[in-house]
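Structures follow.
Common to both upcoming complexes is subunit A, partnered first by subunit B, then by subunit C.
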Partner chain A sequence: MPRSSSIGKDVIQKDGRARVTGEAKFYADYQIGGLLQTRILRSPYPAADILSIDTSRAEALPGVSLVMTHLNYPQAFRSSLYYVGDLVAAVVAKDTETAEEALELITVEYEQKKFVLSLEDAMKEDAPEVFEGEKNNHDWEFHAFLSDRDPETRLFKTKTPGPYNGFGDIEKGFEEADYIIEKSNISYALCKAPAMESRGCSMNYDGVKLQVYTHSQGMHDEKYALAQVLGIGQDKINYVSPYTGGGFGGKNPAVQNRNIPSHYLIIAGLACLDLKKPVHCAYSREEEMVCAWSRGSSVDVKIGFKKDGTLTTMDYTHRQETCSGGDKWPPKNAMLATGAVLYSRNCENLRAKINYINTNRFTAVGWQGYGVPEGHFGVETTMDTAAYELGIDPVELRKKNCMRAGDIDAGWDPLTYISAYISGSGIEECLDAGSERVSWKDKWQHPDKKASRVRNGLGVAIFTMGAGRVGQGNSSEAIVKIYHDGSVALVCALSDMGQGQHTVQCQIVAETLGIPYERVGLVAHDTDSTPFATLAAGSCGTWIQGWATYEAARDAKKQLLVLAAEKMNRKPEELDTGTNGVFVIADPKEIISYQDAFGAIGHYGGPHEIIGIYVNNNPHERCLKDGNPEHILIPKEKGAQFISLDVDTETGIISNIRITMAQNVGRALNPKIVEGQLSTSRHGLDNAVLANDCIVDKRNGWLMTPNLVDYRFSTALECDVDTVILEIFDPSHPFGASACGEGAACPTLAAFSNAIYNAIGVRLLETPFTPEKILEGLGKIQSKTKKK
Partner chain B sequence: MKRFTHINATSAEHAVSCLQEYKDSSYVIAGGSDLLGCLKDNLWMQTPEAIVNLKTIEGLSYIKEEGSTLHIGALTTLTEVAESSIVKKLAPALAEAARRTASPLLRNMGTLGGNICQENRCWYYRYPSKLGGRIDCVRKGGTKCFAVIGEHRYHSIFGAVNKCIAVNPSDTAPALIALNATIKTTKRTIAIDEFFSAAHGAGSTILDRDEIVLEILVPVAAKSAVSAFKKIAFRKSIDFALVTCAIALEKDADKITAVRICLNGVYNNPMRSQEAEEFLLGKVLTEDIAKEAGEIALQNAKSLFQNIYKVQLAKTLVADTLLSL
Partner chain C sequence: MAKTTENILPSGEKEHVTLHVNGEDISLLIEAHWTLSKVLRNGCSLTGTKEACDAGACGACTVLIDGIARPACMLLAREQVGKKIETIEGLEKNGQLHPIQEAWLEEYGAQCGFCSPGFIMTTKALLAKNPNPNDDEIKEALGGNLCLCDNYEHIILAVKSAAKKIAKGGK
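== the complex of A and B ==
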């Protein structure tokens, strides 16, 4: 074969060896001479104003370079504090011990204010306001109503602002329904993304540029925001982020938002520029634990069905705790779980309303799933309830109603498009494949038939997650260089934080050029050497960056074929590139090496390198149905998850958890990476079975579990994840792939709750699923209070 | 972490003299898996001036059977205890308790002496100074226990001692109590039933500040004796227990002739269930008898708002442990 192929193969990850052997240099591994250290003084109160602050004794301590407060650095610190652990001051000193000693020399006079620590309390009329003069409970600003549905294309033509997201006639829908199933206050506790590396950065001003060493999920986005906050040009910053020690979406800083925990960047940046000395600022594990909580939602779901189980109407209400400010965007993604996408096949009437609510419980960001798991927890437990009440097999009820390829995505991201076609689904096939793997038909039994002390339960939930957004803001760029020795470099800033995008993008280049994967190198470590790449979020790398990489490789190839054609006396279109050089398609034996295709190089020769380039201002033309710009094909992550578990009815302890994750990935560009991604579905178990929650002392606002002993991340110990990978070609991608990342987090809590119900007949709709709740549900104990 | 003096002790006598020199401002370190966490979080009101390292003392790590007694040096690691064929044979409850403690790495570091002298894991007691300052609870000399009116889902179901409702976190302690062990220190020999003292709150012992555990002695019981240990925790051995139970038992023709039952995670100290023990004497073990013993062991429980479920857990665990023998 003249061409090499690596798509669909388990090639060794580009970053794999370095990560496994410890050779990988994470930001904290960069040794910078004279690096100053920072420690942060944090608020003891959940709500307070700083009346006075005296830093003179700290400043006088030998070894202290700078003491920062809201008085001298209002860009980084505030005089009002919104949670226990909020930033009061920072000390930059010659070492950590000196900085810590100086913190104790700072005297602060606080005025304590009233505070609120739960979603429920924050919504009360007389609740203390987290931000003075602003109600805690916010209506979503971007609710949009869709109308003018084209009977032929089924696309909506009109979008108008409204009191909720949706379409159709909700009242009429329920009037005409034969069955209505309703569940309320389905609560997903706050939880933390399981990244091992805590937030931090080192900065060094080298006389020309501010060199920023840090972890990153999107270097260019971060650089842009940091430059704005520091008041310097983007040309004056080089963002260096060779490796990221886990992100799970939760480490995405938004430097301009004062309520998202990016303060380490601002503090180090300001200190470094003012002192003209290198500065390190990082969070300890405890500090890490008070920033960036996510989930924290309460959902009501009401679904109308026809007699035969056809889902026609859905009413969905979503309340999201956004803590003290933070990230308000996750709830929009919960729409994916509703009749807008997941159940778009038969749903004619949808009302979906979002509110987001501030509390004094730390700060919030989104992470893996970004709002979607919350939606699925609500919808998929209600669907399960419906299956039992309608007497329809839970698998069959979903097969009847789930989205198919070509169904309509009714604008879950209302800012970018009105409605679009779902490019691929395969959920029905995933339900079949997963059922077979877990022997659903043989093993599934109604809970009424189970009587032993330890009872097995089998639950299912389907899911969909975005795999990329459309619109020019969701662009990505790539450069592919071909050198005359036949080696190739992909220049691409897309972050690899363990999810494997560096590897997959190199596979795309290798496949497009027909060369061995090993010959493709990567330039990806800083912003100065790379063009813009999309943030690695929303599981969009394979699609948005994938198109850019593919087209840049094609561009480079086209240029090389022109060079080779001259040398071979052929037309470029007769030629192709492959393992050993450029060859004639009709007669692969007629071949010249890459070196010969370039010819002589240097002062008297031809070009030294070929540069292919592409900017994917998506959607790519191949993502348009029939080339019609109104008919966009948008890919999704999608599939079905099955959970088997045992419940001990005497202790409420759950064991023998096995997750079977069936997902249609379109094409598994790298099956091992796909398996790894699917196995992240175990992270839902943190919140399901390990009793995790954002537990605060109600009188004082202290975080009770600020470490990884008391806040438990789930590991391979908790469960096995069995993967079933389906590959149904997706027309919206050059190699038929869609995405594989955040989807794994979406169905787990619903499937888990459904499995518990199947085991013991107790419907748990509030995470975590503790022994206490299970024993209470079984009537083994009577709690003295309903609330924890 | 704040600065302190680190002293490598050359002998037990040397270690004791260092503790006397630094009086209340010193701590001993063996495996360090507990102490380092306390120091990093700066949770005590006073930072110690000196840390006395016991690992440099020779001859304190051994497991041997002498006469009718099992001798275990205080510096013996939990891994060594868990894997010792002698311990597995003569004191299975202890081997199992050591095996069920923490993770392999921590078992390689942690010592048996250290495991029975651990600080408690109460969230308030352990609150790190980095997040707005430490919490001066009653256990540290403050005036109140914040857990009683706050978060106590993992706390005592048998009431408070000196206002503190934290529980003892040791997994090996209940096994040693069930096995009726003796603790030899630099000053004296202490029966295990006397060793744990809640006088200063949970996770404390009767040891003086200048007293060090040297050896743990476990009597080798009659041939008919059996023992077992069970633990309920979220992540198997990795997590601190919700409840543990250790039971040692002797039978004569199916009838129970001697029994010691100890629960941990339910009270300030590991707690013997003497009423359940008395109930079992002379009985033949059946499922119903085991369940009744569990009920009796918990009949005086005084659970709080958030930890009622622990009563059910403990009852079940007593019965399950009995039935495993």
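== the complex of A and C ==
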């Protein structure tokens, strides 16, 4: 075989060896001489103004280099505080102990203000305003109504700003429906983005550049933003981020946004530039819990069906708790759960109304699924309710209505609002394969038929998640270098925070060039050495970066074939690259080595290396249906999740949890990586059942669960995850892949709630699903909240 | 000479200790309240030991103390004098990965890799005590280690594969 192939194989993780030897350098592992340490003074009140602040005693403490407050660093600190844990001051000192001691010496006079700590309270007319002069409850500014649907292509041609997202005639839709199923206040309790590595950075000004050592999900994006807030040129920063200890959205800072807690960057940056000394600023686990990315929402869903179960109309209302001015964008992704995408097959009428609501809690920002889990929790529990009420098997009801390849993504993303063809689905196949794996037909029983103390339940939910953007903005770049010894380097800034993109992108290069995967090296550790790459978010790496990597490799190959053709006295199109060199396709024995293809090197030789490059910024021509630029193919993550569990009706305790995750990934470029991604279904389990709720003391706004003891994440003990991987070739990718990653946690809350219902006939629509709520639902204990 | 906990030093004052880490004696100047994880990372430049929770709740800082898996963020460095301390950096010998590390690499046991050193050290302690653990025994032994990438299926496979490698003559 002249060509090697690594696609579809479990090749070893590209930078894996360092990860298992302890040599992998996460940002905190860089040991910089004379590194100063930072500690942050945080607000003890959920709403307050700083009347006065005296830092003189702190500044006088030996070993203190700098005390930062709103007085000397107004670009980083504010005099008004919006949540317990908000920034008051920071001390930079010779060591952590000195910095902590200095924090104690800062005297602050606060004026406490009225505060509001829950979504419900914040929406009341007389609620205290989190930001003075601004109502807590905001209508989303980006709603658009889609119309002018082409009867042939089914694409929408017109978008009009309006009071909600949607299409069709919602009133008429419900009038004509045979069944209307409605559920309200489906509540996703605030919970935290998981990551083993807490956030932070070390910065060192080396006389020429600010060297920034930190984790990252998109180091170029972060560098641009940091340069802007520090007021220095983008050329004056080098962002160094070879390893990131988990991200799940939470390692995507927004330094320009004062509300969003990525303050470690601005604090360390300002201090380092002013002191001209290296500065470390890191969040402790407690700080991480107080201000890490979180999510929470409440949604209402109303769905209209025909007698046979055909879903025709959907009304969806989403209230996102942004807390103290957080991210208002996640609800856009909740649209994926609606008739705009997941149920696009039959849904003719859609209204989706989004509001975002501020409270005096730590800022909420989207993470894994970015609004999609919240949307799916609402829609997929309502669909399940419908299945029972219509007397249709929950799997069959979904098979009848779920999106198919070629159905229309209505255009939910306000960045473009372009509707497009869904390039691949396979949800029906996932439902079949998953049903078979869990023996759905044999084991599924109506809850009315269950009477034992411990009852097994089987639940299902389907899902879809974005995997790229429609139209412009799929920006990512790659450089592929071929050296004369036949080794190859992929130069690519895409972050690998565990999701495996460094490995997968190198597999794409190896496959394109027909060389062994082991020969592909990776240059990815800083911004100075790499071109721009997309933010690793929305599980888009395989698709957006994949095209850039593939085309850069093709570009390099093309150049090499031209070189070789001269030496071989052949035409480039007669040649191909492979394991041992460039060969003639018709006669693979006619081959020259890479070295010979290059010819002489050194002072009198050259070229010395080939540089292939590609900038992906538009839909690739292979992502256009019939080559028509208006007919865009857009890939999705998609599949079906089944959960089996036992509920003890005397204690309310859930056990024997087994998640079966069936996902169509188009092509599993690396099956082990795919399995690993699907195992993150546990993040949904964390939010569903581990009492994984940011419990706040209503009296004072303090987080009661600021550590990994009280706020629990899944260990190896909580459940098993079984994976069913489907590979239905996706035409929008060079190797038929689509995406996998964030989707795994999207259906879990719904599948879990549905499994509990199937076990005991109690519909829980408020997370976390605690034993208390189960016993309340069974009527075995009285509700605490409903008393009086 | 080994210091004992009875010798309480005033805050800020440092003392000389010698820790026995990965087969070597390392002389260090430390403060009484410094944790072992801090001293390993900052004093010994052994940054493979990760700190993630400061509460002994996640296992990222797991090291072996006289063969027993312990969270280094919960141990005072000065109390480890005279004990045999093993960290992730002590596993690879002459450029040859330890069988547990090999298994981790082959089974894709690391996603982001931040928890891997801790898991690998816990596994080393487990397999020394129980060379052929079943699934439940593995889950129980690893129950104190968190992997927030949720990579537990691969991790359990890696432990089993490591057990086989060691049985076949690995270390």
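In this section, the second predicted complex is superposed on the first by the 781 of 788 C-alpha atoms of A that agree within 3 Å, B and C clash if a C-alpha of one lies under 4 Å from a C-alpha of the other, contacts with A are read in each partner's own complex, and residues count from 1 in each chain.
Quick note on the criterion: a contact is a pair of C-beta atoms (placed from the backbone, for glycine too) under 8 Å apart; a residue touches a chain by one contact, two chains touch by 3 or more.
Everything quoted here is computed from the prediction, not taken from an experiment.
Contacts of A:Glu675 after superposition: subunit C is touched, whereas subunit B is not reached.
In the superposition on chain A, A:Met1 makes contact with neither subunit B nor subunit C. Shared-chain residue A:Val208: touches no atom of subunit B or subunit C.
In the superposition on chain A, contact is made by A:Ile12 with subunit C only, not with subunit B. Once chain A of one complex is fitted onto chain A of the other, the partner contacts of A:Ser284 extend to both subunit B and subunit C.
When the two structures are aligned on the shared chain, A:Val689 is found in touch with subunit B, with no touch to subunit C. Residue contacts after overlaying the shared chain place A:Ala586 against neither subunit B nor subunit C.
Residue contacts after overlaying the shared chain place A:Asp697 against subunit B, while subunit C stays out of touching range.
Using the contact criterion defined above for the overlaid structures, shared-chain residue A:Ala24 touches subunit C, although it does not reach subunit B. In the superposition on chain A, the residues of subunit A touched by subunit B in one structure and by subunit C in the other are 97, 284, 286, 707, 709, 714-715, 717.
Against subunit C, the residues of subunit A that register as touching in their complex are 10, 12-13, 16-26, 28-29, 31, 97, 194-198, 243-248, 284-286, 497-500, 672-673, 675-676, 679-683, 707-709, 713-717, 720-721, 723. Those residues of subunit C whose C-beta lies close enough to touch subunit A in the complex are 12, 41-42, 45-55, 57-58, 60, 87-89, 91-92, 97, 101, 104-117, 120, 138-140, 142-156.
Remark: subunit A residues 42-45, 84-85, 97, 100, 284, 286-287, 290, 650-653, 689-691, 695, 697-700, 702-707, 709-710, 712, 714-715, 717-718, 770-772, 775-776, 780-785, 788 touch subunit B in the complex. Within the complex formed with subunit A, the residues of subunit B that make contact are 1-3, 37, 41, 121, 123-124, 126-128, 130-133, 135, 146, 149-151, 153, 232, 234-236, 238-240, 242, 305-306, 308-309, 311-313, 316-317.
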